[in-house]
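Here it is, the structure, as structure tokens.
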Amino acid sequence: PVDELDLLYRMLLIRRFEERASQSYQQQKIGGFCHLYIGQEAVAVGAVAASRDDDYIITAYRDHGHAIARGTSLNACMAELYGKTTGCSRGLGGSMHYFDRANHMYGGHAIVGGHLPLATGLAFASKYRGEDRCTLCFFGDGAVNQGAFHEALNLAALWKLPVVFVCENNLFGMGTHVERAASVKELTNRAKGYDMPSMIFNGMDVRQVHDGLRTVLDAIRRRPHPYFVEARTYRYRGHSMSDPATYRTKEELEKNKEEDPIARLKSELLSEGKIDEAKFQEMDREARRLSTEAVRFAEESPEPALESLHDNTFVSGANS
Amino acid sequence: PVDELDLLYRMLLIRRFEERASQSYQQQKIGGFCHLYIGQEAVAVGAVAASRDDDYIITAYRDHGHAIARGTSLNACMAELYGKTTGCSRGLGGSMHYFDRANHMYGGHAIVGGHLPLATGLAFASKYRGEDRCTLCFFGDGAVNQGAFHEALNLAALWKLPVVFVCENNLFGMGTHVERAASVKELTNRAKGYDMPSMIFNGMDVRQVHDGLRTVLDAIRRRPHPYFVEARTYRYRGHSMSDPATYRTKEELEKNKEEDPIARLKSELLSEGKIDEAKFQEMDREARRLSTEAVRFAEESPEPALESLHDNTFVSGANS
Amino acid sequence: MREISYRQALNEAMEEEMQRDANVFLLGEEVAEYNGAYKVSQGLLEKFGPLRVLDTPISEAGFAGLAIGAAMAGLRPVVEFMTFSFSLVAFDQVVNNAPNMLTMSGGQFHIPIVFRGPNGPAHQLGATHSHATEPLYANAPGLKIATPATPRDAKGLLKTAIRDDNPVLVLESELLYNTSGTVEDPELELLIPLGKGEVKRSGTDVTLICYAQTVHMAMSAAEYMATQGISVEVLDLRSIKPLDLDLIFSSVSQTHRCVIAEQDRPFCGVGAEIAYRIQRELFDSLDAPVLRVAQEEVPMPYNEKLESAVLPSEEKILQAVTQVCYL
Amino acid sequence: MREISYRQALNEAMEEEMQRDANVFLLGEEVAEYNGAYKVSQGLLEKFGPLRVLDTPISEAGFAGLAIGAAMAGLRPVVEFMTFSFSLVAFDQVVNNAPNMLTMSGGQFHIPIVFRGPNGPAHQLGATHSHATEPLYANAPGLKIATPATPRDAKGLLKTAIRDDNPVLVLESELLYNTSGTVEDPELELLIPLGKGEVKRSGTDVTLICYAQTVHMAMSAAEYMATQGISVEVLDLRSIKPLDLDLIFSSVSQTHRCVIAEQDRPFCGVGAEIAYRIQRELFDSLDAPVLRVAQEEVPMPYNEKLESAVLPSEEKILQAVTQVCYL
């Protein structure tokens, strides 16, 4: 049985981390593009909690939540945004390119749809080695219109690869509503094009995401096959830090915030007597503390040395 | 009502033309790749006969049949194989790149799946201009696994473009059986991924192809939308002139030849008293004569002048 | 004359050409309702409506190919790539279908199309988002490539590109969108020919060739060298294809020295091509080897300090200029 | 030693490396049951089974990306592109994912992968099927590129490429598959280092640089020039990246003259890069401009006569050699 307090805590960690990150971004201490996950926490947290520690996780550029859900430290995540050597990608990847090999987080990929074929490759490695490790591949509703999505899903279905394609449908690809981008009434219809099973989850309900994914993953471990999941969710912030998000109404935003995944689980746990307000406040304080600490850590961490510029173009020495 | 004798005659033209072409190829009078359409004639002939003369036709590299069905002369088709200036592409395109603007034949495209987006563009032009011209886009069963296929079908469905995607399922992409390439039991399932209507035709029955396409095209002219057609057919020859086709049994080939589209229509017309053997022989003689004539024409036609080498890289003079 | 931004100049170019020719239309991600990811298409949807300004799905190969097909049918599409880094997923359409159609069809189908959008490294976008694609596209016969550095060139080159009957890439720069400069008033038709460079500053000692993002650093490098008594002639290519060899040769044959400041990666880059042409044409009149200043040959790092170490800079240009002058 | 074909040499390289390392596997269109469109993978399915020799759908971006993902997980894929003209639909995967992963992950993920297949014009395949992709890939930092011209190099370079922990492209040639040459016996491990060219024929008057398809015409051109009293040193690059600059410089510093025979399109091509390096390094020792012999800059026409007019040839090489010798 999953530790539900931990689900709540991880969602808080993501939320507070990103609130801090956006402050630092506004203070121009962080460069490049920065895409916040706030509002969607239940998807990464629920799905990752349902996975086994050695399952492969791979996602797009909106990747802070997935890394934190996987156990990457807030320090390493914040330092990456600051471009420091202590970052999860040593300061070379930035917000869009988080990697954490130790926690089996395989990135952080910024070309829309481009990582879905990579996910089939991770799943293929499991099949090749006869391992029962699954791959969880996260992407947005906008990615389902990329050729790479199509080729990856066909290959996964054709070769019965153990991969779950988790489409985080937050209704928008940048400023374009999903209905103006994908020709289907239901995104799960896309799965029919590959004879692939699929399911729709409420992506604002971390318990539903967790329980649903757990069932899917158990089935895949028994008999390898791909699966398509649509997690219906919503991002509270703009597409990136520079997007005012004028393409949606304040009302729409507020309505969706009423479904807030953190508030939801909190009230459920309260009514079930599994936590009290004090315990929640304690968790929240800890999440805020670690986020503040992460900023300090990032600011005090060293930059990569100029002499290291050419150290990561080729890995030296052939394998043997 | 369609001229059924003309359907028969056009299929004969394609068959005899390609028999001639393969002779010339074996005599090494033709270079490059050469993909024969023999066995699939009913698809191009039936579909094109169902179309309006000003509808856009576009296909892949196995394109002789579509050009001939559209009215490109055997002379121009043969001369193209010989690389002569009198060829339908002036000898610059070759077998895989037939073009005939006058007959609204928009090519002859050799990158698998790469022309499906072009087809949506032709259809878009109809919509843009408020014309009721439809686009017929032909491609093979192997093309349904290309990213371009996916992006094109989504765009066509999303923008309600007047285009028919005709998948000529001859069971093989080169030596790979469709079941080893596409993850779906029925290729028409692919259309479900775009909420696109679809239908399966017997591609060896020219009347069924014609009547079915006619219905589809009429509906599209009334209300523009895309449509997916699977035409089940079979190629008698190897993938290209250099393919011995050892991946299929002689029995399988013979079994399929019993469905021969020419023999089928002939016997139907005979039993319906619409032609007699003499009339058939006369048509066949004419088709053979024109094919032989085409070889002579091609051999006697001039090669492009060396001085013309740089004439087709850019078209000179901006439009006004 | 008035001062407008590079962004505004591109916007005017599209508006004027869409007014002029009903066959011209714009498509790409976020170009319509969002007014462009970088606001280059601001207001065009309102002016021309949803049939001529179209938001596309994230399907670069699909909509690039759709546009090429529309061009076969006689329309004149302007395709915006949100950035040219994303054009790599449409690479086959751009290099195989657009420039080859005229040849493959024996002259029957020309492709009047423009592919435009920001190209080259911006600021800390990392390895996947910082591609300078000009050498990749320049290698393909049948494509023309414009690289405007100023608002005036941006407007004049884009208008010319839209009127050209061949596929033309207009490679803009995110870092230049906000820069401003003087441009003729809208009443005056501004057309700048493709394939004609410009002498941005005349000089006698060294020819400094630049384009797009490197023009501004080249100009200030030239200014500084002047204070050191070295007279630098600065050539802005404005187009990479056709390449203005006459201008290059006439300048270098006077200065006998040349430095090329390019924003792309060096290996098989634009500088290599130009250097080859110069040494072949002006071998005897060169007093020093042609030097290029390009990116360091590494995938672009996110860290700001490392990124600027990768990019060409005024300092690096000064070094090269000093070197060819044997100072 | 024995005589084997270029095709056979590649086949042996894959078989030996698959025997040696269970992580090595081959995937691509028609590589398994059909034994390869050009029969390069003949017999491998039988020997290694369907999990290590996989027929893919016609999904280049999909299976290239799948292989890159498998490499992230520690496998060592060999990806066959039926021809590199078809790699253009997978361009983003090859230039964005494979070479950038190491940098973007701060060194956590290296990509041991080989992309191989025929590259460059074959015979009358037309504009879409005749791409010489080496300059396109050479521009991307993080990729290595081998271009074997002989059976021995084909075997030795492919084996080395498969053992390399970085992404390596092995650009073969359809026109060379049937050529044969002497190769060490299978018992002897044949590994040829990437980035090391070879002097195919030593000479004193002109350095003639070539690779892949141009090596054979370069050799016969050199032979002919010998009869005219001109001693030509022929360098086969064997790898385009890393580029063997030491070999190039040491040769040209002796001959003071250089011609580059390349199979690709000239603009921003391999010859431009090499010429740039030579004129920069050996400016004072050059007695003539570096000349390149490349394709004519047009989309490839189908007609045989026109196609051969586009391609580099012994005649064109002879002209260039004569020219740099001022004969």
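For this structure, a couple of remarks:
First chain written, first letter: the chains are A, B, C and D, and each begins at residue 1.
As a working rule, contacts are C-beta pairs under 8 Å (C-beta built on N, C-alpha and C of every residue); 3 or more make two chains touch, one makes a residue touch a chain.
What you are looking at is a predicted structure, and each value in this text was computed from that prediction instead of being measured.
In summary, the chains found to touch both subunit A and subunit C are B, D. Chain centres computed from CA atoms place B at the largest separation from subunit A.
Set side by side, B-D and A-D show the greater C-beta contact count at A-D. Centre-to-centre separation of subunit B and subunit D, using mean CA positions: 36 Å.
Computed centre separation for the pair subunit C/subunit D is 30 angstrom, with centres defined by C-alpha atoms. Centroid to centroid, with C-alpha atoms defining each point, subunit A and subunit D lie 40 Å apart.
Our note on geometry: subunit A versus subunit B, Cα centroid distance of 46 Å, whole angstroms. For subunit A, residues that reach two or more other chains under the stated contact definition are 89, 91-93, 97, 109, 111, 114, 145-148, 150-151, 154-155, 158, 180-182, 312-313.
Listed for subunit C are residues 57, 59, 61-62, 85, 88-89, 92, 96, 99, 102-104, 126-128, 141-142, 297-299, 301, each touching two or more other chains. Residue ranges of subunit B in contact with subunit D, taken from their complex: 31-33, 83-84, 89, 91-94, 96-97, 109-114, 142-143, 145-148, 173-176, 180-182, 247, 303-304, 306, 308-310, 312-313. Touching subunit A in their complex are the following residues of subunit B: 145-151, 153-154, 157-158, 180-185, 189-196.
Note for the complex: subunit C touches subunit A at residues 29-30, 33-34, 37, 55, 57-59, 61-62, 85-86, 88-89, 123-129, 296-299, 301-306, 309-310.
Listed in rising order, the residues of subunit C touching subunit B in the complex are 25, 51, 56-57, 59, 61-76, 92-93, 96-97, 99, 101-110, 112, 141-142, 144, 160, 163-166.
Residues of subunit C that touch subunit D in their complex: 61, 85, 88-89, 91-92, 95-96, 99-100, 102-104, 126-128, 131, 135-136, 138-142, 241, 264-273, 275-276, 279-281, 283, 286, 288-292, 297-301.
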